[in-house]
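Here subunit A shows up in two complexes: once beside subunit B, once beside subunit C.
Coming up: the complex of A and B.
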């Protein structure tokens, strides 16, 4: 069985008017299906990319994968354990959560501006009680900062002292601090300039090789995942319409929607 | 090539701060020909948007245009940009969500713009507004709709219709598609290209996306730390970049290519210098792979009408 499996993943949002309004106007409930019966599986140590336009349900899937949202129907299974199993004991649930971390889209909004970088990175370590002793914790923080290409002395600074790319490195260090096996990256480079984007993508790839990390990579930009993804899933209006390796997807797209996405992406190649 | 529509000569934009006087734009010169799309590309903080703002006189204090000249159709405009702003030169802003007034119907906003710049009656202005909407692909019947009833792409079309309403000769488009999906982006860029062709309007397209540059522009200027690093025909620059920074930008752009899997992307190490800590000489030299001794001391100017890089000077002297 694959390391991460999404089975019939569905998420509905209730957009109905209040009950009294519905009773007076005789209108039915309005349900929006943001994610509709999505199935995919990711092998350990590989990258699965979900590509789609705004409103396609990419971020909803990301949130369900880390447990920030509950699926309406369906399950997410990580290493054989059901993430949403109500029967799971609290300790087991915590242990499972520790193994899945997230890097958010905007490095400007996802770091607490009033916390020092060291505290931001140490929070998962403290929350999961991974390392005892303040000294050992700060040693670990220095180690993490070095891993993502920052200096150990940066731990005492605040997020505003860093550029966008450096902040995204801090987010990555925070995600790594609980020694996860799965990292969900929700558009990690869309707020960055191309040259910085290349640095962050290369860092993510190097970390994947070192720790056999499994990535669920959410993006709207097919070019970004061309160097990373082992498999690409194309989402349209909450449905997974196509799933292929990048080589297959770029040379032989099956669905009209995928072809449209490929054609619309601005290309730097002249031919 | 046809005549220059706009010419910027050695402009400086400076900000007086408590860290001293910072130069956001340093000795920038460029020109825009009639009917062409000029791209301006660079990282955040390179001075792309500031250049657009300087042309229209929209730089907010404490920033100011401290030296240099801007000529439009043979007329100097840097002292009194109000005479041409809006009428001859208009601007499309990045975010269509904030550049429309949410409390007023789009028709009213269009008519107001047209009446400000054209001596015509209100009835004629309404007719023009309807025609303008039709031109950007919006049903003229929606003239009385409010901005929130439009999607992001449609709103950006309204903004373009607003910019086009006074029939400007030059449009400054500041990241017009950054907030939009790729499919909508393609439509908007096609629309801009078509308008440029049909009306002979010139466009300055500010963007950080090399793909957009490749698909839309005729010429491109690459900005780095407020200085022009390289300028020339888009195809030349993207296929045969001369400045090491441009080379890095082109190489670090990911491509939709089946063979690129598992390859490491080229990366320019380090980051752009802050304005209060600009290095001596060429601003790019601390990150440059080909750095010469001269780069550390002397600021290069544009050499051979192409790139501001001492390497080119060396090449020239060898020829």
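Coming up: the complex of A and C.
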């Protein structure tokens, strides 16, 4: 069995008016299906990329994958354990959460502006009680900072003292601090400029190699996908319409929607 | 400390004459209230030290019976007004500070809960705030004061007068805090750092206190300054109406009430000096609050 499995993943949003308004206007309930019966599986140590336009349900899947949002129907299974199993005890749920972390889209909103970087990175360590003792914890924070290409002395600074790319590195260090096995990356490079994008992607790749991390990569940028992904799923209006390897997707797209996405992507020729 | 001296905030402060003067006035008043027992020539709260023959002595004139001279004159009971103002200032500042603290703690907690939890709890808290806003806050303070007075045994009434005053003013001023904090909480809770905190399994209280609270406190300090001025005025009003600090331990409001009885019989100083002190204090705190609000508002930069 694959490491991460999404089975019949569906998420509905109830957009209907309050009951009394509906009764008066005789209108039915309005349900928006953001994610509709999505199935995919990710092997351990590989990257699965979900691409699609805005509104295609990518971020909703990301939120369900880390447990921030409950699926309406369907299940997410990580290493054989159901993430939304109501029978799961709180300790087991915490233990499962530790193994799945997330890198967020906006490097400006994902770090608490009033906290020092060291405290931000140490928070998951404290929350999961991974390391005892303040000294050992700060040692681990320095180690993590070095791993993502920052200096240990940066731990005493505040997020606003860093550039967008550096902040994303801090975000990655925080995600790594709980020693996860799966990292969900929700458009981690879309807020960065192109040269910095490449650095962050290379860092993610190097970390994957070192720790055998499994990535679920959410993006709209096909250039990012081609460098990162082992497998690509194309989302259109909440449905998974195509699933391919990167080489296959770029050379033989099966669906019209995929072709449209590929054509819409800007390409640069250096010839 | 060096970082503070280098900051834009301190730089702006030095270039704003209104803020500078207000700050100096507030500082002088606070210091003279704190060190009242060293500055004041007599203790106005000690009935034994009062000499009725000294009553109604005009400022800087010798009393016709005892020949004593008082800087700001005396009141009807021969109390030295300068000392009474210093001690009264102390009561006014203490009540104001405690009332603001109470209102702030209450308002910030309710605002955080309303903004973060949402749903029916949000509705309940905010409708309560709406209801409270339809009454003038001084009316609410009087209501609470009256109810508390009725519940307390008579022998405790004098001792508890100040506490009751603090609670009634504090409970009538929480609404602006709650509204502001609720608004900023609703903005903050959608940000991704809150999602990151939820990811590691923190519960709502931990997220509210550790993550959201530090990010919504900026505007709270501004409101606290402005509410402080309001609380001082509310205290003076309650005392003026005779439901606040007792005559044996007069606050500025009590002194003004005593003074207004004698205004038209020619003893103008009993009213004027406490009133001027109250005016200076309330105006300075208010101007400082306005300046803080404008300076800390990035849209006005």
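Assume the second predicted complex is superposed on the first by the 269 of 271 C-alpha atoms of A that agree within 3 Å, B and C clash if a C-alpha of one lies under 4 Å from a C-alpha of the other, contacts with A are read in each partner's own complex, and residues count from 1 in each chain.
One rule holds in what follows: a residue touches a chain if its C-beta (ideal position, glycine included) is under 8 Å from a C-beta of that chain, and two chains touch if they have at least 3 such contacts.
Because the structure is a prediction, the values reported are computed rather than measured.
Undergrad: Let me test your reading of the model: by the given contact rule, A:265 touches which partner, first (subunit B), second (subunit C), both or neither?
TA: So A:265 only meets subunit B here.
Undergrad: Is subunit A touched at more residues by subunit B or by subunit C?
TA: B
Undergrad: In the overlaid three-chain picture, which partner chain does A:214 touch, first (subunit B) or second (subunit C), both, or neither?
TA: neither
Undergrad: Contacts for A:224 in the overlay, against subunit B (first) and subunit C (second): which applies, first, second, both or neither?
TA: First partner only, subunit B.
Undergrad: Which partner does A:250 reach: the first (subunit B), the second (subunit C), both, or neither?
TA: After superposition on chain A, A:250 lies in contact with subunit B alone.
Undergrad: So in the superposed three-chain picture, is A:47 touching just subunit B, just subunit C, both, or none of them (first/second/both/neither)?
TA: Neither: A:47 stays clear of subunit B and subunit C.
Undergrad: Where does A:205 make contact in the superposed view: on subunit B (first), on subunit C (second), on both, or on neither?
TA: first
Undergrad: Once the structures are superposed on A, label A:59 by its partner contacts, choosing first (subunit B), second (subunit C), both or neither.
TA: In the superposition, A:59 touches no partner, neither subunit B nor subunit C.
Undergrad: For subunit A, which residues are in contact with subunit C within the complex?
TA: Per the stated touch rule, the residues are 63, 66-68, 93-94, 97-98, 101-102, 104-106, 109-115, 123-124, 127-128, 174, 178.
Undergrad: If you look only at subunit A, which of its residues touch subunit B in the complex?
TA: 53-54, 163-166, 193-199, 201-202, 205, 220-224, 226-227, 229, 246-248, 250-251, 260-270
Undergrad: Would you mind writing out the residues of subunit B in touch with subunit A in their complex?
TA: 43-44, 152, 181-183, 185-186, 189, 208-216, 235, 238-239, 248-250, 252-269, 271
Undergrad: So in the complex, which bits of subunit C are touching subunit A?
TA: Spelled out, the residues of subunit C in touch with subunit A are 191-193, 195-202, 211, 214-215.
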